[in-house]
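Below are two complexes that have subunit A in common, paired first with subunit B and then with subunit C.
Entry: the complex of A and B
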């Protein structure tokens, strides 16, 4: 009788000869050592809109999405292959590897894959956005109300983003997040930082000598739910706009946002 | 929308809420197996295939020195000191077991799922819910069927007829015990009492027969690995899904006042 109820590999293994003993132990664990790893991997996901014409041309899409995401996901696969993380979603991998120094690179790749897909999911071509009211801000009440409560107007939000962008040098992401007062805040993460974890938000400019440590401010656990973001990595705008034309890129981006997707995200995050 | 500062509980609830749509962002993860998937959302009988059985380690028998020769028809061969169960046989017997469960479900019979090993509780409970039956995960009390009047009376709880709106229907006599129409045992070697009681009460049984078990103990043996939770979760999931499909074809008759099956 199984009085102990401890799940164990030795359950039901009767001491036969030593050969079969270990095999019987293996029998009760779905063993991953024997399984073939080649099928377990992450692949580049599909985005809803491939034709993002004024924002990304055909070639720009290939560089910013296919090549970049492909490279990031492939590097992640190479690092995660064979560990238990290969079955987890990006969201999980970010949290599992964020605080482990030996997995710092895995974290960067996972976070970048997440950020990039998050960015491309919220985009739609500017003509379609103008044509159909359900993709515009005015057609989506929840996000429109949220923006008007937190910033005076849509233009004010854009100007705040542009202000933050003009102060950033190098690769960064600008996020509009929901904080723990249910307000919308604009925040910035350099390189491949993530807004989910305070310790990994990488919000301080890496070019400045830090006078205060990165997470000296009181850590806010669980807050910051990202609603939409902006990619300020060079590969996003240098093919179509030129290396120094960030402003035009940001203007075009603001016209290409698919607000219905953003509204869905907001509705599913409010509690 | 701007509110007071959210409490930690609310923040945690929000974090759990965003997980559902955030998991898909980043990359497409290749289909893989997780134990919770096998328990909460098992494979349905259409998905049954040799590769599914192989990946669930259904072919691993016990040590050759512990062999019960009555299982000889189910054995494919020996390797590394254990017997290998023939998956051709497993497919045939499992398909038969699935059709038995289907017929019992069609006739609105009561099914009991017994799985007393550690770790089988969740899958057995979920299977019972799906198949609108009963479950046993701790210990089969001797006399549950042959001495039902006494033993089931001592279990506690009541058998209460409930109408469509969920209100209790007052009846003059309420049933004091339930005799099942089918028993599914995941480890008949450890539940000998249950198998013998079923034989005495003429109740058909489906059981997972490993290479050291006696296939004569159950009516419909399913030769498979009883040690691996992945395998037992799969088999009990298949059987319960078959019953659920049968009920879903005609949900009105299952939920009506005349039905005496436990609520889903």
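Entry: the complex of A and C
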């Protein structure tokens, strides 16, 4: 597992202690100093921009971020308390619970907390994005070049995302990920699937999954590195847009992306 | 048939303490929109439009027809869901008779109606994402049980394309809509438990009983 490829923005949920990011990354056994037993209670982190009009109104933010993230983080804490996963970072929890069926619920909560935070971290209000070029795609050369190389244009990327979204029925996330050959790809994960692991990407409609898994389609032990994502859960667009106004929601989202954050993620993921 | 035509009073009265008028309006308009989209998809694929349950069965497992399957399956599920709720303008006397008839079976499978209720709440709460919760009957084993399906999957097709380890035939008796749009308006994003316990009070057990009895009758 190449940890250096993980973008630094993954520290989805901050721990109560002040250990540095890299230390948490490489730690697989929680260190227990005699009297100093630190506990890692996950909390709902601060996001850089709370004003995300018109993508999320004040009420929409409350539902999609405060209430949902709060519930997910609390459920995760309840499940992880007292077990050996208690002190681990979010990322470790996702990887360690992904393949264990008895920890499926823990995985779902951890993965959803990560996905949700990843989403909100990359957003900025549409007006701010228009006003300042450092938040726009044209002001961030690395991601702009990557998009132009892999998709013909920004509009092409958006149309591919929309196409995948229109074929998606149900709660899902759409990701733009980096694969092992440094190519950008658009992929989808249902419910709380994660793009990091092949086994837990949940990228197929369950009706179309063949009964015998095709191992030849899995050349690597780990999957992709996410660069940015889109939330297609009902609660994200129900309040402000309406159930069938997904396309408007996706358009507004595309105008609200903070491309400087995406650029940082990409730079740290390219090896 | 349109949900409005089938459940005539629901739009005006809502469902007592379970769903408000606005929530019912949202779900019905979602249903209408699904129907329109289904018509469009059928025209696109040049398939003659049939009753949603037929379309659902014919287009399951075909990767080119995912939308048709998903939309028709969701329509079928909606219908099944609303038909299992006591209408607002009726009393619950019929439902109580249904309880009497179902009691031996439910007690044998779950222990008691209370146990069934707590299991429904627990299982429904643990469904992560959008899905449906079904009460099904397996004639092979003469047992009732609960079944969760995700997104637009339903219990009607459960035994058909899945591996042989599953029961071949199960009869769906009742279903609950656990998609977010169903409880978001009245209950908020975190109160699925309240939603499910309110639904429990509105279950039309006579309908459940009719379906159960029909499954045990010998075909003519």
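Assume the second predicted complex is superposed on the first by the 219 of 271 C-alpha atoms of A that agree within 3 Å, B and C clash if a C-alpha of one lies under 4 Å from a C-alpha of the other, contacts with A are read in each partner's own complex, and residues count from 1 in each chain.
To be clear about the criterion, a residue touches a chain if its C-beta (ideal position, glycine included) is under 8 Å from a C-beta of that chain, and two chains touch if they have at least 3 such contacts.
Quantities reported herein were computed from a predicted structural model and do not represent experimental measurements.
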Item to complete: Go through the superposed model and pick first if A:246 touches only subunit B, second if only subunit C, both, or neither.
Response: neither
Worksheet item: Is A:114 contacted by the first partner subunit B, the second partner subunit C, both or neither?
Response: first
Discussion item. Looking only at subunit A, is it subunit B or subunit C that touches more of its residues?
Written reply: B
Worksheet item: So, does A:43 touch the first partner subunit B, the second partner subunit C, both, or neither?
Response: first
Practice prompt. Using the touch definition from the top, say if A:79 reaches subunit B (first), subunit C (second), both or neither.
Written response: neither
Item to complete: Classify the contacts of A:233 with the two partner chains as first (subunit B alone), second (subunit C alone), both, or neither.
Response: second
Worksheet item: When the two structures are overlaid on chain A, which partner does A:167 contact: first (subunit B), second (subunit C), both, or neither?
Response: second
Response to the item:
The residues of subunit C that touch subunit A in their complex are 26, 30, 33, 60-61, 63, 66-67, 69-71, 74, 126, 128-130, 150-153, 161-163, 179-181, 184, 188-190
Item to complete: Name, in rising order, each residue of subunit B that touches subunit A in their complex.
Response: 1-6, 8, 10-15, 17-30, 32-34, 56-57, 60, 62-66, 80-82, 116-119, 139, 190, 225-230
Discussion item. If we count contacts the way the header does, which residues on subunit A are in touch with subunit B in the complex?
Written reply: 1-2, 5-7, 11-12, 14, 16-17, 19-20, 23-24, 27-30, 39-46, 73, 76, 87-93, 110, 113-114, 117-118, 121, 142, 145-146, 149-150, 180-183, 221-223, 225, 265, 268-271
Response to the item:
Interface with subunit C, subunit A side, in the complex: residues 63, 67-68, 70-71, 105, 108-109, 112, 167, 169-171, 190-192, 205-208, 211, 233-235, 238-239, 243-244
